[in-house]
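The following blocks contain the structures, represented as structure tokens.
Each of the next two complexes has chain A plus one other chain: chain B in the first, chain C in the second.
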Partner chain A sequence: MAEVARPPRLRPPGSAWVLLPLMLSAAVFFYPLALVLREAVTDGTGTLHLERALRVLNSHIFLAALTNTLRIALASTLGCLLLGFVLGVVLTYVPFPGRALATRLIETFIALPTFLITLAFTFIYGSAGIVNETLMQATGVTLPPLDFLYSSWGVILAEVTVYMPFVLRPLMAAFSTLDRAQIEVASSLGARAPMIVRRILLPAALPALLAGGSLCLLLTVNEFGIVLFIGAKGVITLPLLVYSKAIQEFDYPTACVVASANLVLSMGLYGLYRFALNKVGGLNADLV
Partner chain B sequence: MAEVIDTKWEEGAGLAPSSPFAGAAEQRIHFEDVSVRYGATTVLSDFTLTVNPGEIVAMLGPSGSGKTTALRAVAGFVTPTEGRVFIGPRDVTHVAPNARNIGMVVQNYALFPHMSVAENVAFGLRARRADKTLVAARVAECLALVGMEAFAGRMPRALSGGQQQRVAIARALAIRPTVLLLDEPLSALDAQIRRQMVEEIGRLHAELPDLTIFYVTHDQHEALTLADRIAIMRNGRLAALDTARNLYRRPPNRFAAEFLGRANVLAGEVCALSEDGRMAELAVDGHRLRGANLHGLGPGDRALICIRPHHLTPAPAGDAARRLDGRIAHVDWQGAFEVLTIQLGTAELRMTATPAAEPHRIGAGMALFYDPQDATVLPHEPADG
Partner chain C sequence: MLIWSRAGRRATLFVAGLLIFVLYVAPLALILLASLAGQWNGVWPSHFGLLNFVGVFQGAPGEAIWASLVTGVVASAVALISGTSAALALRGWRGIRRKALDLIFFLPSAVPSVSIGLALLVAFSHPPVLLNGTALIVVIAHFVIVSAFAFGSVSAGLMQLPCDVEQMAESLGASSAYRLRRVTLPLLAPYLAAAFGLSIALSMGELGATSMLYPPGWVTMPVSIFALTNRGDVFEGSALTVILIVVTVTLLALVQLAIRGLAGGSARGR
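After this line comes the complex of A and B, so read on.
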């Protein structure tokens, strides 16, 4: 019997599915971002005008904010990596009662709003906080002996506390896939704890440290709530400068220039993160 | 009790270039009434065993029988709840694993994935801060010993399972350990490579006859091929310990008989003894079976008789007095031989035979014969106890 040829049904190609999320992203994200960038490099008539942008980028306040941002972000990330690694090793390999509870408690930090941690810090380390009150009563001094909270150190401490779980979580996942027999064999071969950490755990943790550390760096570069809430004297970061120019001074063009610089910095760090992750994760994926 | 001599632990043990391994006296492992408990669970109970210098003792037993716990107690990863562990004259019960100078090879090799083969082998020597020249020489020597000298620069992921296990053995030997602990070292390999590795470990021990090896396995072939003595574990206790040959030929109890080589074990009652009492005759389900009476059982005693499948043969014509008449219940062809299950009254006997020209017919009658000297009479114990 002769087959009757059916007319082919018209189907959109598979790649068409990407259009919807792409259009949605364009509407809610890329378009407003493009407006910020346009505002930064054009004058009121829409003509390209880089002079103002260059003036802002060369200004003392911008350079100070950029330096502060990078300094605080790098210090916080380093703190997150160090503390996260130590806690990761302890929580994974040192048996103690309540270990699971301690892990869960630390993880809940991720769920807390950043300003809440900062607020809690003022009760502990602030001028009238528990630590200073206790020290003043114990030593008889009249001024609070601990005076770091309202400085860059306060911001760094708060950021380390808030963002450390972003290092800890992937690190513990990496450690959970590490064959414990490697540690036991290393120990039987005569290696002590520091050598095991340096030669076995650290190489295995490298991709996780890189991923968690990069994420911390990205988040701390853009951190706004902690810096604002601590209100440290002279600690102006890029996000705070954007806020100050846009909301307090209504200087939107300058705010847009600073925001654009912040955006370039973030995207640069993200690109670096992807590059490093591909390099380490791709070639040595079997380490974790 | 084992003699205890306090000796100072030498820093850098295993580095002496002149002596391949520690002195003979130091190469003994001794468990003294060792028990390991986790809460209410006892995983090793009153375990006493000595592995003599240069000896290979294989720990054989089902999963959860305590064999790996015993090995880990020697390695220092399990602390005995009671009893003591000695390596040589030294009580190591509470000594840290890194100060025991042991070599350990585990099931999944546990090579360090980010280090080359040479770096893996050198790890233990670097941990001991050995001189660079010594490290290079020892790495080359140990890799040559396991036939891996051509792979020194490779990463572990570029090696096959068998090659990785060779590197793991070289890494363990590089520190010139007092004893070598092998924890199911061949379990992760396929059957063919495993057979090859068994031969290689045998060759290795022939080249290093002073090396004491404590070998945990669940593979009877590995244990029978390699071990000087076999320790059979059951429920955290030592069920049997003897040379591989003795344990196979004259198992001391039902568990050893059934676990090692799957012997036929039939229950009955002693009905007669030879004049010297060395042979006993059992009444088993209407048949009379004779075997060596090594446990001195007397008439009327409930007993078991253990007959290996390969000791059963078709009965020669005319030997009516010693023949056992049964029926073929099952035939399991295995290539070079076949396993026949013979129904003998209510009991079943397994026998191995060369494949017949004509396939055996299920239900056909078969007369069996065995030499009573090859059978062993054992004290009665229930099948599950």
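After this line comes the complex of A and C, so read on.
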């Protein structure tokens, strides 16, 4: 470390310092993950055995979980992009008192656990929740009229709520670098709000939407807490399938196959996210 | 200004306000309300009081607060040390080598937490390393999950540091160990504090890996909240959730203070 040579650029405090973190991550992350992949494609004795993996990948329950995961993730991401764009434009360009507080409140959700929104939604939209009780008392019907929470729609609404801030944050950062004079000029030349949004704001927001959207896609594919807390019979996603195979059925080989498939999907989406990030640049710390 | 007409602005704000209220304000308010309620028959809860919190602190859920705090602090401290060491080492690196190592350290954040839990279960359930059933395996899982975040935050912080102070220290003959201890780390301190606080917040909310791994004596807050609400004890579950939110928001406030300290510090640096 204590070398005397004078390099032209600032020297790091010794590249050897990366070794310990590397060993740590190899021991508790890469090695265990490699075992999962090995378990997925071998039999008990360690020889290659793809039959089980193929059987699992062709099973009805796996395909249903895969379809569910993709459908929920895509719908949630679209919702995040739409809601994020609308709120981003309003929070940046339509002044109102309490704007800073509202932005702060929404951004706080990035740090809060995802499942709490599900818990809250059961109080609001659940079968004995506020909305249903109010409707039942008002209309006199005996069955809860609003019945979407315990389905994919409940999961999607919860995921849109908790992951929208991941779109909003880079979006508001992008808007803050946009020259406001551009909008004033366009507006004084007679451009109406929809035209300004379409011609100025949307193009300026595109890189941030790409980055935020691909992060949402990754996070919603990996989401576990929301799906577990909603606990709907028909809504099984890949992470939930891994959990139920391993913890409820003690079927580790199957869990490893599903986890490996989930891993391949997540890695692909992570690649997409890094690609999008390179287009925008400098938002690394946003990945929580 | 985007919308000039008064009516248009009012309509836009009404819709946006309604969205924010329904999606973000109402959920938090209702969890708070439920945490204070003793009964919920009909539309609104009733019989308010602090009994749920008393129940949480006197019963098993109280131990979850302790387990979560210890897990969060230990996992985040190790992640911070490891992440800082890696970020400092990689600081001068460029090109493909840097990209590859960045990828290695960022990868845990891309893996579903349930799979991290499964992997640790598969790896450490047999001798020679038998960790299944210990609190340590939960701490390790949390370390893996917050490690990418800690590394990322410290790396981002390093990029913000003004180079000139360090270069001056070096040109004045400070050894690299002295420079690290007296110049780089103090400049980096606010970022380290922020990374530490946010890592603990992240660990506090972790559910996927923990629910794969937790031993009976080491139940964290999210697992305990799930157990409570799953068996219908929504009021105590809400009380524990409120405690979790308060702890997280407190951490965020401390992080804000640390960043404000940074604003003062870097003004001097530039």
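The working rule: the second predicted complex is superposed on the first by the 257 of 288 C-alpha atoms of A that agree within 3 Å, B and C clash if a C-alpha of one lies under 4 Å from a C-alpha of the other, contacts with A are read in each partner's own complex, and residues count from 1 in each chain.
Definition applied: contacts are C-beta pairs under 8 Å (C-beta built on N, C-alpha and C of every residue); 3 or more make two chains touch, one makes a residue touch a chain.
Everything numeric in this text was worked out from a predicted model, so none of it was measured.
Legend: residue contacts after superposition of the two complexes on their common chain; A:187 is shown touching both chain B and chain C. In the superposition on chain A, A:179 makes contact with chain B only, not with chain C.
Partner contacting the larger number of chain A residues, of chain B and chain C: C. In the superposition on chain A, contact of A:199 is made with chain B only, not with chain C.
Within the superposed three-chain model, A:249 lies out of touch with both chain B and chain C [touch as defined at top].
By the touch criterion defined above, A:15 lies against chain C but remains apart from chain B after alignment on the C-alpha atoms of chain A. Once the two complexes are overlaid on the shared chain, A:95 sits against chain C while remaining clear of chain B. Within the superposed three-chain model, A:229 lies in touch with chain C and out of touch with chain B [touch as defined at top]. In the superposed pair of complexes, A:83 makes contact with chain C only, with no contact to chain B. In the superposition on the C-alpha atoms of chain A, the part of chain A touched by chain B in one complex and by chain C in the other spans residues 184, 187, 284, 287.
Against chain C, in their complex, chain A makes its touches with residues 1-3, 9-18, 20-22, 24-25, 28-29, 31-33, 35-36, 39, 83, 86-87, 89-91, 93-96, 102, 105-106, 108-109, 111-117, 119-124, 128, 130, 133-134, 137, 161, 164, 183-184, 187, 193, 196-197, 218, 221-222, 224-225, 228-229, 231, 238-240, 242-243, 246-247, 252, 255-256, 259, 262-263, 266-267, 269-270, 273, 282, 284-285, 287-288. Interface residues of chain B facing chain A in the complex, by the touch rule stated above, are 14, 75-77, 96-104, 106-108, 110-115, 123-124, 127-128, 157, 168, 171-172, 175, 181.
By the touch criterion given at the top, residues 179, 181-182, 184-192, 195, 199-200, 203-204, 284, 286-287 of chain A touch chain B in their complex. Chain contact summary for the complex, chain C toward chain A: residues 1-4, 8-9, 12-13, 16-17, 19-20, 23-28, 30-31, 33-34, 40, 42-44, 82-83, 85-86, 88-93, 101, 104-116, 118-124, 140, 143-144, 147-149, 151-153, 155-156, 163, 166-167, 170, 175-177, 179-180, 184, 198, 201-202, 204-208, 211-212, 222, 225-226, 229-230, 234, 237-238, 241, 244-245, 248-249, 251-252.
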